[in-house]
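Let me give you the structure first, and then I'll get to my questions.
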């Protein structure tokens, strides 16, 4: 029987990891992720979870330990934030190209400097090319369920790609809300164990992590490129199976009043939740606005984004990360790339907001929509990227 | 189709309209927003979470979250609770609370403007203080209901330490309709180990009884 | 211990580390990899960080390894080994794999990956008491990238980043004492070994595999390419290291220090230094200075042992 | 020219599933000097077998040695270390 608890997203993640019966957890404390692994260490200490909990001496080692255990065929978990993720950087690429189905939760936090413990997506966005499946969630329940989906997806024999489940530091990580806990028995029915090919095995002693020269390196990397192209469909299948088992599904994206929208807010994670209220309020005023929240961010489900975003007249992207020196934030530049060869495409604007944990309010989101509306009236984007809310910056 | 899938489908239907429990009516758009002011170590975050959990027991949608800087023990901290009949989508901070709870009276002097900031004119104020509500209201020039209780004395008396969160919850329970006192008690019983729960429940009950409500 | 090798002939004939690898002519790492795997047998998982051994044995489409082997990165061999060890434990307990099998996890790393960039990961793994063996093959510089100084490069040795110039004369600082660092972690078993004493070496590896918890074996790996000597002299140079007292063979078992190969009559350090091109620049004064360091170290070790286990220099 | 494998023909995850496949790489081509054994002098001490970095010296049942010239790189450690000098390096 399932039961419902009021949990922080961090704890909701820990409960999911417990239900997934992971074998090895290695982690290093970093705000705002820490309470995930505190909770997991409690579960292990109390005998509620039969796993090896390795309290390592750095995030670099956390992911290294997890890679070693995963190479053996163990089900593994780690969690981090910010500088910790940056410290893991080289290993992110190694885990994906070694095709290890590691699952990691990331309570997104700004990167130094200035030192800041609060939310933005700079940490994961700086690693967005690392070949991991990257899913951004917008509630504790979704985080809980997505961890379970992540293992099912990562461990599929046609995928074998690590998965990062990302959620806003503090804004989600430390927010308590009702979560329906998926029990281990049900989860394991959804998530059976199977023997993975190419693991460290005494009977079949393989060499892992080879060196490849120019004659083979590209082909090895292409294997990952190919696996990633299969992810969107695979995640849809996983999501469908999840719905059959648990009655809830999330899809590759979420849309809200988007069908007939002229102005489409496009944003990830927690902001997308608040944005629904902004959409409702503006709809009451007669503004034809909607919301599109990508859930699967990497690999980009290109066809889906194209189809869903094309019908709007202007896209108001809200980016919670900066791409220094680029023409806009990461989400914006990704969307631009999706429409690179399309003549029929909406106007696009980027609003960089919520940096360093700056609150993004309903009022501000409404303001962003109104600014986009004015640009739409002009029919021409003069300034694609607005660093929204920076004191001393003039927008118009 | 197995029974559990059937049950899940039903649940999904409820979830889709934002109602958590079967049979619950949607009564308009009730939303209570509470802001807690305390000092690091007094348990403001836990109090915010207990209140939310208690409301969840009554089938409400809830949110409880802290506002962390890099605060340490003793530094002023804030926490927030939202209680609603509908799924709570707003993930921004609370700027216009219905209820403000002050866990440490000294914050009124040190941080008065912060404490009262945005509090709705018909809102309610709960203060850990040995002063009369009308004295506090006068001092703060606040026109709404004020609930006062000397939670520090109660905490020291019952728990032996000035951790006032469970005591102040007694005062909150007096001034708020949702959640009910019984729900708060149930959550506290589950949350703490038995001996700890017993003491905290005692502090809660004493505070509930001693709370005085008044206004200007 | 009864399971020790009495003679080198007791070592298995089977090779777990195949010929056809691309290590330099006369490379001691080939000897070390063969001996370590022979000492431990087939139930072993080898972790190797980035370095000479890794790039010379795993270039696709060929591998020299006949036992399960993994390379992840440069600085994390001990961390990956920790994960492998933890994974084995968990899978065994849950009956998902390795049931009823004693599996040895061994990290085979160079000095850069151990004493410099990998020190943090190693320290963590030793402190957490993972049940694994860490073998550091100390060739005293970054040989894979072309002979750059490392923390274990000895005093006054030439490398490409400690050149002989008007102001510098090789490395300005003494060698980092990795074995003592490992021992300071209260590691149950720490040993210093040499390929010139193969029976002593394989028995140290064997002992390392039998302790509960981590074991650290530091083995000298004279590099013909980087130390500038003829490839046929690899073992000879190693032996001179032992015979001059530059490389004292000992073990620290549960904190108890013991020299395993006594040297009753010591050769002067000059005999060790002068066969290597990396020390060719040394003046008589500098050799005397190094001799003084070694004498002091010998005195320290003899004090620890309580008797003269390493004798005086006899020319 | 050997035909190189296509991406889908490679083992998944940067692995090599052919243990000991380095045996395909005949390192004899690295050799300048060749070790030659004088069996009459060999005392079957097996040190050359122990010290060969290539594993190119095989130990026979009776303890005598056989050099596998397909892999010997000609480093000369065996000749240098052989106590009775039973191995000599020849051009």
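Note that the chains take the letters A, B, C and D in the order they are written out, and that residue 1 is the start of every chain.
In this text, contacts are C-beta pairs under 8 Å (C-beta built on N, C-alpha and C of every residue); 3 or more make two chains touch, one makes a residue touch a chain.
Here the structure is a predicted model, which means the values were calculated and not measured.
Visitor: Name whichever of A-B and A-C has more C-beta pairs touching across its two chains.
Guide: A-C
Visitor: Between chain B and chain C, what is the separation of their C-alpha centroids in Å?
Guide: So the centre of chain B lies 62 Å away from the centre of chain C.
Visitor: In whole angstrom, what separates the CA-based centres of chain B and chain D?
Guide: Comparing mean C-alpha positions, chain D is 77 Å from chain B.
Visitor: Can you work out the whole-Å distance between the CA centroids of chain A and chain C?
Guide: Taking the mean C-alpha position of each chain, the two centres sit 43 Å apart.
Visitor: Taking each chain's centre as the mean position of its Cα atoms, how many Å separate chain A from chain B?
Guide: The answer is 32 Å.
Visitor: For chain D, give me the residues that contact two or more of the other chains.
Guide: 5, 10, 14, 16, 19
Visitor: Two-or-more-chain contact residues of chain C, please, as numbers and ranges.
Guide: 58, 60-61, 63, 65-67
Visitor: For this entry, which pairs of chains touch?
Guide: A-B, A-C, A-D, C-D
Visitor: For chain D, which residues count as touching chain A in their complex?
Guide: Chain D residues touching chain A: 4-8, 10-17, 19.
Visitor: Quick check: in the complex, which residue numbers of chain C touch chain D?
Guide: 8-9, 11, 13, 15, 17-23, 25-31, 34-35, 57-58, 60-67, 195, 198, 224, 230-236
Visitor: Give the list of chain B residues in touch with chain A in this complex.
Guide: The contact residues of chain B facing chain A are 4-5, 7-12, 15, 20, 48-49, 52-53, 56, 61-66, 68, 70, 88-93, 95.
Visitor: Spell out the residues on chain D that touch chain C in their complex, using ranges where they run on.
Guide: 5, 10, 14, 16, 18-27, 30, 46-47, 50-56, 58-59, 63, 68, 70-71, 73-77, 79-81, 89
Visitor: Quick check: in the complex, which residue numbers of chain A touch chain B?
Guide: The contact residues of chain A facing chain B are 4, 6, 32, 117, 168, 170-172, 174-178, 180, 186, 244-248, 270-271, 273-274, 276-277, 359-362.
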